[in-house]
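Please find the structures below.
Across the two complexes that follow, chain A remains constant while its partner is chain B and subsequently chain C.
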Partner chain A sequence: MSSRRSRSRQSGGSRITDDQINDLVSKLQQVLPELRNRRSDKVSAARVLQETCNYIRNLHKEADDLSDRLSELLETTDGTSAQAEIIRSLLTQ
Partner chain B sequence: MNPHPSSCSNGRSIRTRFARRFLRALKKIGSKGSSSRPSPRDISWRCRRVKIAADASMASAVGPRRVWSRTMLNMLRSRSHACLHASRLGNSRRPGADRHAVGKRKRLVLKRKLPNRLGLNQVNQLRRLVPGGEAMDLDILLDETAHYIKCLATQVKVMRSIVDYCSA
Partner chain C sequence: MASMISDFDESAHRLPEPKRKKLRKIETVNQDQAKNNQIRWRSLAEQQIYSSKLVEALRHSRRETSPATISTRSRAVRETADKILAIAAKGRTRWSRAILSSRLKQRLKNHKKAKAKSKTAAAGYSRPTNPAIGVQKKKLPALRQRTRVLGRLVPGCRKLSLPNLLEEATDYIAALEMQVRAMAALADFLTGFNAGASNLAESSNRLEMS
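Right, the complex of A and B next:
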């Protein structure tokens, strides 16, 4: 798909503007629990990226640990009846 | 009106779609085990299946409208095909470890001029962490990363809820 490159750019260039980068970096900052309460002009872009990488690694590790735990639980739990209950409780959160 | 789903879709629907798929997959995995004592090999098989199910359920809940989820769906598809033909499944569970399966186009992307304040090192690290990140333009990478993180966080929340429920 060529649309990825062309739509929002200035004519003739594949140059990304600084403003675009700033917008995207502050959008990213909002997703990070460590940094989302700080003002975006107080946090450097490099810091946001570093925190982003750390956060993703943490999430990967948590997901792996939870998978381990779940595979243990699968031996002891009867999944069938619990399924509807789990969905119901998730939806009410 | 824009007929396409917006890029910031309803978080709750992603959570529900993920939960449904994942629970369905867990049920399937659970039913395959023997009721008598599982061998260590059974346990590690099951663990791997759960990890793959989590990734696959999230990628499928998001669908092909994001580069990262598309990449992950392709990777899972090609990995399952490889599994049928090869006797040995590699240990690379996370997208970052499976770089050779991602498209090799656009190597030049690393040489493009970056705003210095971003830090080339961090950007490269990010490219390896986000599925499909190696081939993305910088603005796409940042946008995809934000969505990827939201979905990962949702995945972890749901998995934690399931663990809590089953451990109670």
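Right, the complex of A and C next:
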């Protein structure tokens, strides 16, 4: 990472503040299913980052599994274009 | 977006108060935008729009090429889903722009060179890591290491500063959740559809035979 890390105690205050970082970290915490219900002062930033990584990896895995499923289903569904039209119209209702 | 903030960072050093106020204004505008994005990703309307665009894109890609193996087909579905997701983001976030631009680079590579390079092309937006660096990483403090890992997971965010990375990650997660919801709904629907279609075919056969 570059030297523009937030922990720099430079004067001027125009650098990214710790408060800003804490705010973003707590926002991220709210999104994570594992940590949502814990008090933010009990969860460290490192923990939030770790859970974020785990969660993103899980979501990627789910997307891959669903892609597998969808590619199989589309093979068998691939009938006439009329069928696909029905699918599309039903989904946009 | 992110680069705008960094520009203001530097100028705030030299210029008097008014510039600082502008900096805060830009930040709140971005925060509002981030909030709006979060609401959007979670709305049913957005999910439905995504679903229908996804179906259309999947039909289109299957008509163009019919890849031989199951894993290639699955990979194609995933890539289409990611592409449509990135388009849905409307260029507001770095991760979405990175997905679209890396795809473009992939296409140029494929046109120019033979499929010998298919391994790097198929990897998409992840790159192979140097094992020597991996050993070194253990000595970094936990926060820094996790930041680095996160930067690798979110497309196009390897060299981002921590606050920007956190913003991108928050938006990326909301978008991914929508993607998963939409794909799961589509899969369930198609399962039911297939079952219905085969029932219909069966019963119509029986009618014909009787």
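Rule of thumb we're sticking to: the second predicted complex is superposed on the first by the 63 of 93 C-alpha atoms of A that agree within 3 Å, B and C clash if a C-alpha of one lies under 4 Å from a C-alpha of the other, contacts with A are read in each partner's own complex, and residues count from 1 in each chain.
The definition used in the following text is that contacts are C-beta pairs under 8 Å (C-beta built on N, C-alpha and C of every residue); 3 or more make two chains touch, one makes a residue touch a chain.
From a predicted model like this one, the values you see are computed outputs, not experimental measurements.
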> In the superposed arrangement, which partner chain does A:D18 touch: chain B (first), chain C (second), both, or neither?
Replying inline: first
> Of the partners chain B and chain C, which touch A:D68 in the superposed model: first, second, both, neither?
Replying inline: both
>> Tell me the contact category for A:R88 with respect to chain B and chain C: first, second, both or neither.
In response: second
> Following superposition on chain A, which residues of chain A contact chain B and also contact chain C?
Replying inline: 4-5, 14, 16, 20-21, 24-25, 27-28, 31-32, 45-46, 49-50, 52-53, 55-57, 59-60, 62-64, 66-75, 77, 79, 83, 87, 90-91
>> Quick check on the complex: what are the chain C residues that touch chain A?
In response: 8-9, 12-13, 20, 23, 48-49, 51-52, 55-56, 58-59, 62, 70, 73-78, 81-82, 142-144, 146-150, 153-154, 159, 161-163, 166-167, 169-170, 172-174, 176-177, 179-180, 183-184, 186-187, 189-191, 193-194, 197
>> Quick check: in the complex, which residue numbers of chain B touch chain A?
In response: 12, 15-16, 19-20, 23-24, 26-27, 29-31, 33, 38, 43, 46-47, 49-51, 54, 93-94, 115, 117-119, 122-123, 125-126, 129-130, 137-140, 142-143, 145-146, 148-150, 152-153, 155-156, 158-163, 165-167
> Within the complex, which stretch of chain A touches chain C?
Replying inline: 1-2, 4-6, 12, 14-16, 20-21, 24-25, 27-28, 31-32, 45-46, 49-50, 52-53, 55-57, 59-60, 62-64, 66-79, 83-84, 87-88, 90-92
> Given the complex with chain B, which residues does chain A contribute to the contact?
Replying inline: 4-5, 14, 16, 18, 20-21, 24-25, 27-28, 30-32, 44-46, 49-50, 52-53, 55-57, 59-60, 62-64, 66-75, 77, 79-80, 82-83, 85-87, 89-91, 93
